[in-house]
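Two complexes are shown next, each including chain A; its partner changes from chain B in the first to chain C in the second.
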Partner chain A sequence: MEEAGAYRLVKGHVVRASDGRAPALDLSVTNLVVFQWIGMLLVIGLFFLAGRRYRRAPLAPPRGIQNALEAVVVYIRDEVVRPNLRSERLVRAFMPYFVGLFCFILVLNLLGLLPGMHTATGSIGTTAALAITAFLVINGLAIREVGIKGWLHHLLGGAPVYLAPIMVPIEILGLFTKPFALTVRLFANMSAGHIILLSLVGLIFYFRSIFVAPMSIGFSIFIYLLETLVCFLQAYIFTILTAVFVGLALGDHADDHHGHAVSAS
Partner chain B sequence: MDGYGLAWLAAGIGCGITVLGVGNGIGRLAAAALEAGARQPEAAGDVRTTMIIGAALIEGVALFALVVCIFLALKG
Partner chain C sequence: MDGLLQISPGLIIWTLVNFSLYLFILAKFGYKPLRSALEQREQTIADSIRSAEQARAEAQRLLTEADEQRKRAHAEMVELLRDARQQAERIVAKAAEEGERVKQEKLQEAEREIERLVADARATLKREVAELALQVTQKLLAQQLDGELHRRVVEQSLAQLEHTN
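Presenting the complex of A and B:
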């Protein structure tokens, strides 16, 4: 570790004072981090507001923001978590994770659509961090529930033992491609929309003509609305895929091994 | 044409072929899901969920290919 005072600030970048290069461990607060904090505050604040009303009047009909959040939570519980995590104990234990995941990604996606804001999920670092937590949840939960032996047996993918030299590397690869696909999917979907918007608006500057503007702005509005849909869809897909992968990793050792067709891709 | 030009060419062509494959895949998936939903409207909800998962996994494979294309394009 370099001691304090070894760094300087040059044009808003933290560099080493000795040679002016980037520090070995760059922990500077970027705008991505700030927007994640804003997202966290929004999610925590909204759920705090809704939760306070439940505590004050548990049996009153839900109202306002409480109603909206209840719809989201119930939808995630009934449509996403319950069909995949089969036991009710696990559903209760992991609802906070899945609701948090959905709301956090959704809020970050939607924040990026406001003018002057930044899409934190449009950077591969943020989505990779989310996927790493998903990886830990998938495998940690599988090891805790079926035991380390069951988890290792799962690496066989339901094939006979003599196929282990082929199946085990494929399944180990599958373990890592799942979070990688989650990472790239969210990152690519969120940044692709922004790049299209940038190119459409950029056409006006490229042709230097005011007559391009109506076409350009019309298409931009269309893409913008499409992106609003994509925000919800990608948050949902990230959540449901995490839930599906958790369900596959837990496995139902009695009946279904057809799920492996999905886990291999 | 130098190596960088070839890399950009490969990235562009690869991107196009990837989109062809994925468009075909997701199109077939959506067609089958619509057909199933039209035949059995009561199962439409389940079919839609399964379709979205399948579409997401197909898209995942496409994204792997696109990442290769991006790496090729960034060589320049």
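Presenting the complex of A and C:
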């Protein structure tokens, strides 16, 4: 891009060549975008591989990668989507979204664990975009299913009408805090592990001693394994919270209890 | 890409584009075969379970039926056996009774025959005795028919004979 003429890279920032100011919108294909592409291709490739077997023998017992994908899909369907989206029609319609969301986050998380790779989900832009899709799904589905009136009524949070001055602002705030929490939770969890790893390795250089290395490496391995768990956990949490929020937004119409206290790490 | 908390709009837009594209491809070509195969398999399994259940119920029904039939046949057999035994006993009793009756009849007949024979014998004896007496008397008369005494004796015996006859 430096050679393209219109923009130049100055200290890691893209600036206009003409006046040295940042452009209005920087759409450069960063490494994180490339990792997203890799992740996409991986997931789609796996599904295609499994799909070939399905076309050949749909009734055969699942094997290998097909079995793994099936376990994920069935788990998401039975444990994540079905309990929250009560109607089978909605489950059918939105299963691809939840499966896709889970696989996307999981693959990006795991890619970040490979040496030399970056965690796309460790950047707030990626998680924010995912949370935006969750926000659209949650509210779009709620408005389509219970109508704009039902959606507005839901802003009361089930309280009597005279509490509206208090409840409505809180609920409107809640609409945005949910995706915001999703954004920060995933981003922070993915970043934190890497920061700890970096810090532990950094200790060796800080102390300028080779004797710190065994401790650093030992802890690094521990954190690395922990991070592997966190990769799966955070992908699951993002997915199930989205499903829970959808269930809450559908509210009474999905004969759901009116619990708003959904907390997760 | 520097500041950890920096939100880059470019990345958000790229992620949205990527994620939408990814979801579209996944839903269209990746997820659909899996879902249809899963549904097909679940359907098949549910059907198999249902038909197995039905077959089991049917077998159970047949088994109960056969058992019942067996029990019925057994009861029938027992009944038949009892009937036959009763009948045999009745026949035996009847035969014994008949034998007894025939025996009695024969006995009575024999008794009557004996009585008749006795009567016959008695009559024959009487006739023979009379004849013998007559002969003896004739002989006596032929030798000693003289005198008043003899005449009287003859008359007396004749009277007696007449009396008896």
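Keep this in mind: the second predicted complex is superposed on the first by the 239 of 265 C-alpha atoms of A that agree within 3 Å, B and C clash if a C-alpha of one lies under 4 Å from a C-alpha of the other, contacts with A are read in each partner's own complex, and residues count from 1 in each chain.
Heads up, the rule we're going with is that a residue touches a chain if its C-beta (ideal position, glycine included) is under 8 Å from a C-beta of that chain, and two chains touch if they have at least 3 such contacts.
Bear in mind that the values here come from a model prediction, so they are computed numbers and not experimental data.
Asks: Clash or fit: chain B and chain C on chain A?
Replies: Superposition result for chain B and chain C: fit.
Asks: Once the structures are superposed on A, label A:Met95 by its partner contacts, choosing first (chain B), second (chain C), both or neither.
Replies: It touches chain C, and chain B stays clear.
Asks: Let me test your reading of the model: by the given contact rule, A:Arg55 touches which partner, first (chain B), second (chain C), both or neither?
Replies: second
Asks: Return first, second, both or neither, reflecting whether A:Gly158 touches chain B, chain C, both chains, or no partner chain.
Replies: Neither partner.
Asks: Contact-wise, after the overlay, does A:Gly150 reach chain B, chain C, both or neither (first, second, both, neither)?
Replies: neither
Asks: Which partner does A:Ile240 reach: the first (chain B), the second (chain C), both, or neither?
Replies: So A:Ile240 only meets chain B here.
Asks: Which partner does A:Glu79 reach: the first (chain B), the second (chain C), both, or neither?
Replies: After superposition on chain A, A:Glu79 lies in contact with chain B alone.
Asks: Once the structures are superposed on A, label A:Leu27 by its partner contacts, choosing first (chain B), second (chain C), both or neither.
Replies: The second partner, chain C, only.
Asks: Of chain B and chain C, which one touches more of chain A's residues?
Replies: Per-residue touch count on chain A favours C.
Asks: Taking the superposed arrangement, what is the smallest distance in Å from a C-alpha atom of chain B to one of chain C?
Replies: Minimum C-alpha separation, chain B to chain C, in the superposed model is 8 Å.
Asks: Okay, in this complex, where on chain B does chain A touch?
Replies: The contact residues of chain B facing chain A are 49, 52-53, 56-57, 59-61, 63-64, 66-67.
Asks: For chain A, which residues are in contact with chain B within the complex?
Replies: Going through chain A, the ones touching chain B are 79, 83, 177, 181, 184-185, 188, 233, 236-237, 240-241, 244, 262, 265.
Asks: Provide the residue numbers of chain A that touch chain C in the complex, in ascending order.
Replies: That would be residues 12, 25-30, 32-33, 36-37, 40, 43-44, 47-48, 50-51, 54-55, 58-59, 69-70, 73-74, 92, 95-97, 99-100, 103-104, 120, 123-126, 128-130, 132-133, 191 of chain A.
Asks: Hey, which residues of chain C end up touching chain A in the complex?
Replies: 1-2, 4-16, 18-23, 25-27, 29-31, 33-38, 40-41, 44
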